[in-house]
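A, B, C and D label the chains in the order they appear, each numbered from 1.
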Amino acid sequence: MENFINDWGLTVTTFLPMVGVAVMLLIPKAQEELHKKAALATSLLVAVMGILILTQFDFDATGQLQFAVDHIWIDVINSHYAMGLDGMSLPLVLLTMLVVPLCIIYSWNHFPEPQNPKAFLILILVLETGMIGTFMAQDLVLFFVFFEVVLLPMFFMIAVWGGDDRRYASLKFFLYTLFGSALMLVSFLALYFLSGSESFVLSDLIAAVSSNGISRTAGLWIFAGMFLGFGIKVPMFPFHTWLPDAHTQAPTVGSVILAAVLLKLGTYGFIRIAIPVLPEAAVEWAPWIGLLAVIGIIYGALGCLAQTDMKRLIAFSSVAHMGFVMLGISTLTDFGINAAIMGMVAHGLITGMLFFIAGSVKERYHTLDINRLGGLLIQAPRMGWIFGLCVMASLGLPGLAGFWGEFPAILSAYNPGNGLPVTTFRVFMVISALGTVLAAGYLLWLLQRAAFGTPKDEFAEDPSITDVTKHEWISWAPFLALIVAIGIYPNLIFRVTDGAVDASLNDCLQVNASELTAEQAEALGCASIYNLHEDHEDHAAGE
Amino acid sequence: MSVYAEMVGLDPLTSGEVVVAQNIAFGLIAVIMLFSALRMVTTRNVVHAALYLVIVLAGSAAIFILLGAEFVGVTQVLVYIGAIVVLFLFGIMLTRGALGVDEEEKGEQRLMSCLVAGLLAIVTAGALINTFSDAELTRSSPSTTATVGDSIFSQFIIPFEAISVLLLAALIGAIVVARKD
Amino acid sequence: MVTELFIFAESASQSGLPLGITSGGAWLLRNAWLIPLLPALSFLGILFFGKRMPRKGAELGIAAVGIAFVLAVLTGLAWLDHRDNYHGEETHLAVAAVEHHGEISHDEHHDDSHDEHAASGHSESGHHATHSSLAVSNTVTWFQTNGVDISVGVLVDGLSVMMLFVVTLVSLLVHIYSTDYVGGDRRYTHYFAFLSLFSASMLTLVISENTLQLLVAWELVGVCSFALIGHWWEEKPNSDAALKAFLTNRVGDMGLLVGVTILFFSVGSVLPDTFGSFSIAATNAVANNGLLSHTALLVAATCLMAAVMSKSGQFFLHTWLPDAMAGPTPVSALIHAATMVVAGVFMIARLYGVFFEGLSIGGSSINLMALVGGITTLVGASLAFVQRDIKKVLAYSTISQLGYMVLALGVGAWTAAVFHLFTHAFFKACLFLGSGSVAHAVHSFDMKSDMGGMRKAMPHTYRTFIIGSIALAGLPPLAGFWSKDEILAGTGGWGLFGGTGGNGSYTLMLVMGMITAALTAAYMTRCVYLTFFGEFRGHGDVHESGPRIVAPLWILAGLAIVAGLFNLPKGFQLVPDSFQERFGHYVEPVAGYFPTISHATPSWSLAIISTLVVIGGASAAWWYYFVKVEAASKASGKSLTELPNGPTTTYPLAKIIHNILDKKYYLDHLYTGIIAGGTKGPLARMAYRFNQQVIDGTVDRVGETAVKSGQFVYDKIDQLVVDGAVNTSGRLSSEAGGELRKIQSGKVQSYAAILFAAATVLAGILIVIV
Amino acid sequence: MYLNQFLLLSAALFAIGVYGVLARRNGVLVLMSIELILNAVNINLVSFAAFQDSISGEVFALFVIAVAAAEVGVGLAMILLLYRNRRNIDLTEIDLMKG
C-alpha cells in the first residue's frame, strides 16, 4: 500500500475523476440517480485517496516534494510528466478534494436549469482533474495543460447553466483567461530557452536560472508575462472585471468552485513558479504587485459598498480578499507567503460558503436584490446564523479562519523581503488595514440588510422559504467546521506550509534586508538584490 | 544539383563552379516559383491558376533535386503534377460556372489577407535571418532511394502504416462525400 | 543607524534582560486558562443543547461563570501568597544588539542549546537572583511561521488577577439578573450563549500573554458586543447601533493592528535569531530598557491609543457607546460599563512600558493620553446633563469615568487608574442594573416622561441607586472617593501643603479632574431627582423587582461601599500601616516588564478640597431640582415636563441679564442661570450638538461618502473605464470589419485569418523575447 | 549554398499560400493555396534534411505529399458536394458556423 501510494498515489488521484467521467459516459442520460451516485462515489474515492496520501505524508519534510513521479513525457521538447506534493500544494489539493464532493451533494436535488445532471457532473469531475493536476504538476508544460483543462468546463458551466446574461459572462471569462494563459505560455517557453534548462521541470528551471543566470530585461519580461497570466486568474486589479460577471452569472456550484479553488490557481502559480524561478525579477515587480494588491483591497471594498446584488457583492469582496493574499505574496517573505496560503484556504472556505448561502437564498427568494431581502434570521434562523458566522469570518474576525489570512499579511507588509522598499510597504500596510474597516462595513451592511429586520411583505407568507435542508447541512458542515477549526488552531495550515515556503524561497530573499552585507550578498549569489536594496537604503534608514 | 554534379564528375563540396552553378540555378528557379505562386493566388482564371500551380510544383521538385533529395523530387513530380493537379483540373471542370471565370474579390478581405500574410512573412523571415544567417549546406552526398526506402520501412514504419490507413480512409471518405444519392 | 546595547546571553544565568516573569508558581496561577475555558465550553453547550435544557441554557451559563468566579477567587488568593512568598527563578530575555546593516553578529556567539531557547525569544535562566514580585507566565506554541513560535498562554499578575475577579463577579451577577430581566425573551438561549462567549473572550483578554492573543480576544469581545447590542435586531435602530459600535471599533482596531505589528517587529529587531515577538513582557521590558527607538514607540503608542479611544469610548471615537444602550440593560452593565469598555484602559495598563516610554509620560507636563482622557472626561460629564434617557446618562457618565482612568494613566498614576477601574466596575454596574430595574418596572427609559417618585415603589432599587450615585460622585467613604482622590493626587498638579509628587506636574489635568468631579455630582443628583423624586409621571402600577434583580443590586452596592477600603492611601493615619495601599501592593507590578514610575503621596488638603467640590456640585443641583423645580412644579400644579421654565429651556444671555435685574437672589442666578443653566444649556447643548452633528455627522458623512465614492467608483470607473476599456477594445477590433459579430461571421476564412494573425503575433512575441 | 535561401523561399511561398487561403473565394483555389503551403513546408523539411545530413526530413516530406493527396481528395469531394447542393463554391457565402 505504501509503495502504491508513493509511486501511483498522485497519478491515480489526479485521473480518478476521469475514470468516473468515462464510466458516466457509458451510462444513459436518463438515469440521473445513477449519474449522481457515480459522480459522488468518484469524488469521494478521490477524497479517500487524499486521506491515504495524507496518512503517508511526511509532515517533517514539508519542504520536499513527496510522492514525486518524474517520467519523460514529450521527449522532443523535454517536457516531463513530473508530479509531486509538498506543503505548499497539500492544503490546496485537500481543499479541492473537499469542495468537489460537497458541491455534488449540494446540487443533488436542485440542478440549475437546464438540468442535465450527466453533463453537469461530468464537467465538475473534469474540473477536479484539472484543479488537482495543476496543484501537483511540477513541469511547466504539464502545469499549463492542467491549467487550461480547468478553463473549458468552467466556461461551459457558466455558458449553459448560468443566469440571464450568461453568454456575455462566460465569453468574458474565457477570453480574459485565455489571453492571460497565452502570455503565460510564451513566458514559459522563453524561460526554457533563455535559461538553457534541461527540461521543463520546475527544479531544473530553477537550477538553470540560478546557475546560468538570465538577463535582467528578459527576467522582467518573462515575469511580466506570468504576472498577467496568473494575475488575471487571481484576479488582481485591474484585471478583475471578469470576476463579478462570471460569479453573478455562474450557477451556485460553479461560483463555489470558482471562488474556492479556481482563483487560487493564479496565486498558486505566483508562489510555485514565478517567484521561485525568477527571484530577482520578483523583487523588482513586488512593489507593483503590492500596489495593485492594495488598490484591489480598497477598490474591491468600495465596489462592494455600491452593490445591490448579494452575489455580486460577494464577488467584489473576493477582489478585496485576494488583494490581501497578493499583498502577502508581494512581501516575498516566508511570513507573507505563509499568510497568503492561509488566506487562500480561508478565502476558499469562507467565500465558497457565502456563495452557497447566496445560492440557497436565491433558491428561496428568487432574488438576490439586497433591498428586497430582509429578516432571513426570522424566516430561516439557522441559515441566518450560518450567514452571520460566515460574514464574521469573511471580515476577518479572530478565532475564525479569515483572520489568519489577513492579519499576517498586514503584519508581513511591515517588514517586506530583502531589497524591497520598506516605506512603501509600510504605507501599503496602513492602507490595507483600512481595508479591514471597509470590509467590516460592507459585510455587516449586507448582514443587516439581508438577515436582520423583518421580512418584506412579498416574502412574509411565502411557504417555500424553509430553513437549512439536509443536503445543505451535509455540504456546509465541513466548511463551517474547518472555518472554526483553522481559526482556533491556525497551525493546521501554517505547520504544513512553513517548510515548503521556506524551501521555495530563494536564499537571497530569506536574509533580513537590513542585515545583508555586500560580501554576504556576493557569497549567496544575490548581488543584484543587494544592489536593489542599496537603492532603497534611504527609505530604510528613515525607519 | 547532385545529379548534374555526378554527371560531370565533380565533387559537389569542393568545386566552386558547381556551387556557383547551383546558386544561379536556385536563383532562377526561385524567381520563377515566386512569380508563378503570386500569379496563382491572384489570377482570376481558375484554370490558369492550376497551371501556375504546376509551375510552382515543378520548381519545387527542382529545388528538391538541387538539395540532393532525388526521390522526393521525383515523387513530387509524379504525385503532385501527375495526380493532384489533374484532380484539381477535374474539380475545376466539374464546378465550372459556379463563379464563372472570374471572381470578384472583396477589397477588404484582400487587404486583411495581405496584412496577415505580410506580417507572417516578415516575422518568419526575421526569425530565419536571425537564426540561420550563416548556416551553410554541407551535405556530403545525395541521399539514395535505397536509404529513403530503408528508413521508411524501419525507423518510420508506424507513421507509414498510419499514412496508409489515412489514405484509405480519405479515399473512402471522398467517395462517401461525393457520392450522388 | 541605531547601535543598541550589546547584551548577549551566552550563558543565560549571567546576563539578559530580567523580564519579571517566572514559569513557576502555584498550579492555579499557571493554569489560569481554565477560567476562560469554562464559559467557552458553556457557550458551546448552550449553542448546541441550550434549547433542550429545562432553563433554556441559562443554568449552564450561570454554573460555568459561577465556577469561574470561584476559581478566580482562589487564583486571587494564590496570588496574594505568591506575591509575598514566592522566590523562584526569573526568566531572562536574551537580547542581541543589531547594528543596522551590520553583520549578523550573533551568529557565532551561541551554542546549540541556546538556539533552541532563543527561537522563542526567551532563555530560561539558571540561578539568577530571585525576585519577589514575579508574574506567572505559562505558554504553549500556537503556531509557527518562518521559524517563529507564536505562543498562546497566560500572564498572571496582580492586574490580571484583579480583572479576573471583577469580570467573573460582574458577569455572574449579570447572569443571575438576566434570568429575570430577559426572561421569556424569544432569543433567551442565544442571549446566554453570547454572554458566555463574551465572558470567555474577556477573561482570555485579561490573561493574555502576548499582544496577538490580546488582539484576538479584543475583537471577540467586540463581536459579542455587536451581537448583544443588536439583540433585538428586528428594529432597525438596534441593528444600526450594533453596526455603529462594531464599525467604530474597527476603526480603532486598525490602530491596534498597526501598533501590534510595529511592536512585533521592533522587539524582534533587538532579539537574536528571530524577527519578531508578540510577548507582552518582552515588549515592555525591551521598551523600559531603552532598547527601542523613541520614534517607533511613539508611533506604536499613538496607534494603540486609537484602539483605546474606540474600545474605551474616548473622545472623539466615543459616539458609539451611548447608542450601544440599545442592547438589553444587563448587557450594558456588563459590557458597556464594567468590563469590555475598560479593555482599552486595561491594554494601556498592560503595555504600560510602551506607553510610558513612547508618550514620555514620566517627563512631560502634557501628553496625548492625558489630554484625550481629560477632554473625554469633561465631554462625557457635560453631555450627561441633557439626557432624558436614564441609560444614556449612565453611558455618558461611563465615558467620563473612562476618561478619568485614561487621564490617570496618562499622568503616570497607574495604580490609581487601575483602582478606579476596579471600583467603577462595581458602582457603575450597580447603577446600570438599578436603572434596568426601574425600566423593567415602567417599561421605558425616559426619565422625564415615564419616571419620577420611584423611591416609594422601589425601595431596594432606590437605596442601591443612591449608594451607587454617591460612590460615583466620589463622596467619602464610598469607593469612588478613594480612587478619584488618588487620581487627582497622581496628577501632581496640587501645589499646596507640599504637593503630592508624581510623574510631573499635570496641573491642567488636575483642573479637568476637579471640574468633572463637580459635574459628576451634579448630573447624578439630577438623575436621581428625575427618577426617584417628584411625582410619578408614568403609567400603570409599579412594583419592586424580584429577588434575582435585587440581590445583585445589593451585592454590588455593598462592594461600592467597601471597595475603596482596599487601597487606603499611604500615611492614612486612621488605620494601621498594614491596611494601607493593599491594592497597590498586590496589583502594581514591581518587575522588569513594568516601567519605573514615581508614586504620588496622598494629600489631606487635596482630599478635603475635592470633597468640597463634589459637595458643591451636588448641592447646586440639589438646590435647583429639589427646591426650585419641585416648588415650581407644586406651585403650578403641573408635572415636571410641562413646566415653562423646565430644565430643557435654554438661557440666552439677554434673559439672564433680565433675570439678574428681576430676581432677588443673586445666588439663585449664579447657581441656576450661570452654573447649572450655562453648563446644562448652551455649553452642553453645544457640546452635544458638536457630538451629534460634527463628530457623529462626520462619521455618517464618511460612511455616506464611502458609499457614494463606492457608487462612483463602481458606476464610473469600474463599469465605464475598466470594463469599458475591455469592451471598447473588442468593439474597436471589430470595427475594422464591421461589428463584433463579424468576427464570429461563420466564415472559414475570417477564422483562418484570425488564427494566422494570432499565431504570427505570438510567434513574433516569442521571437522578440528570445 | 546557404540554408537560408531555401528557408526564405519556403517562407515566401508559405506566406503567398496563406494569402491565397485567406483572400480567394473560390474553394478550389483555396485548396490549391493549401497545396502551396504544404509545398513550402516540404521545402523546409528537405532543406533541414540536407542541412543536418539526415534522412528523416525527406521521409517526412514524402509523408506530407501523401497526406496532401488525401487532403485534396477529400477537399475536392466536399467542394463537389457543396457545388451540388448550392450551385456555388464561394466560401464567403458559406457561413453556417455564424455565431
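Descriptive notes on the structure:
In this section, a contact is a pair of C-beta atoms (placed from the backbone, for glycine too) under 8 Å apart; a residue touches a chain by one contact, two chains touch by 3 or more.
Quick caveat: nothing in here was measured; it's all calculated off a predicted structure.
The minimum number of touch steps linking subunit A to subunit D comes to 2. Think of the whole protein's Cα atoms as having one middle point; the chain whose own Cα middle lies nearest to it is A. The distance from the centre of subunit A to the centre of subunit C, with each centre set as the mean of the Cα atoms, comes to 38 Å. Subunit B and subunit C have centres, each the mean of its CA atoms, that are 87 Å apart. The distance from the centre of subunit A to the centre of subunit B, each centre being the mean of the chain's C-alpha atoms, comes to 51 Å. Inter-chain centre distance (subunit B to subunit D, centres taken as mean C-alpha positions): 9 Å.
For subunit C, the set of residues that touch two or more other chains comprises 749, 753, 756. Annotation for subunit A: no residues touch two or more other chains. In subunit D, the residues that touch at least two other chains are 18, 22-23, 92. Of all possible chain pairs, the ones that touch are A-C, B-C, B-D, C-D. The residues of subunit B lying in touch with subunit D in their complex are 19, 22-23, 26, 30, 33-34, 37-38, 40-41, 46, 49-50, 53, 56-57, 60, 63-64, 67-69, 71-72, 75-76, 79-80, 83-84, 87-88, 90-92, 94-95, 98-99, 103, 105-106, 109-110, 112-114, 116-118, 120-121, 124-125, 128-129, 132-140, 143, 147-148, 151-152, 155-156, 159-160, 163, 166-167, 169-171, 173-175, 177-178, 180. Those residues of subunit A whose C-beta lies close enough to touch subunit C in the complex are 172, 176, 182, 186-187, 189-190, 193-194, 218, 221-222, 225, 238, 241, 299, 301-307, 333-335, 338-339, 375, 377-378, 392, 397-399, 403, 407-408, 410-411, 414-415, 429-430, 433-434, 436-438, 440-441, 444-445, 448, 451-454, 489-491, 494-495, 498, 502, 512, 514-515, 517, 520, 537, 541.
Within the complex formed with subunit B, the residues of subunit D that make contact are 1-9, 11-20, 22-29, 31-33, 35-36, 39, 42-43, 46-47, 49-51, 53, 55-56, 58-59, 61-63, 65-74, 76-81, 83-84, 87-90, 92. Every residue of subunit C that touches subunit B in the complex is listed here, in rising order: 736-737, 749, 753, 756-757, 760-761, 763-764, 767. Those residues of subunit C that touch subunit A in the complex are listed here as 1, 98, 100-104, 141-148, 215-217, 219-220, 223, 226, 230, 233-234, 236, 239-240, 243, 246-247, 250-251, 253-254, 257-258, 260-262, 264-265, 275-276, 703, 706-707, 709-715, 718, 722-723, 726, 762, 765-766, 769-770.
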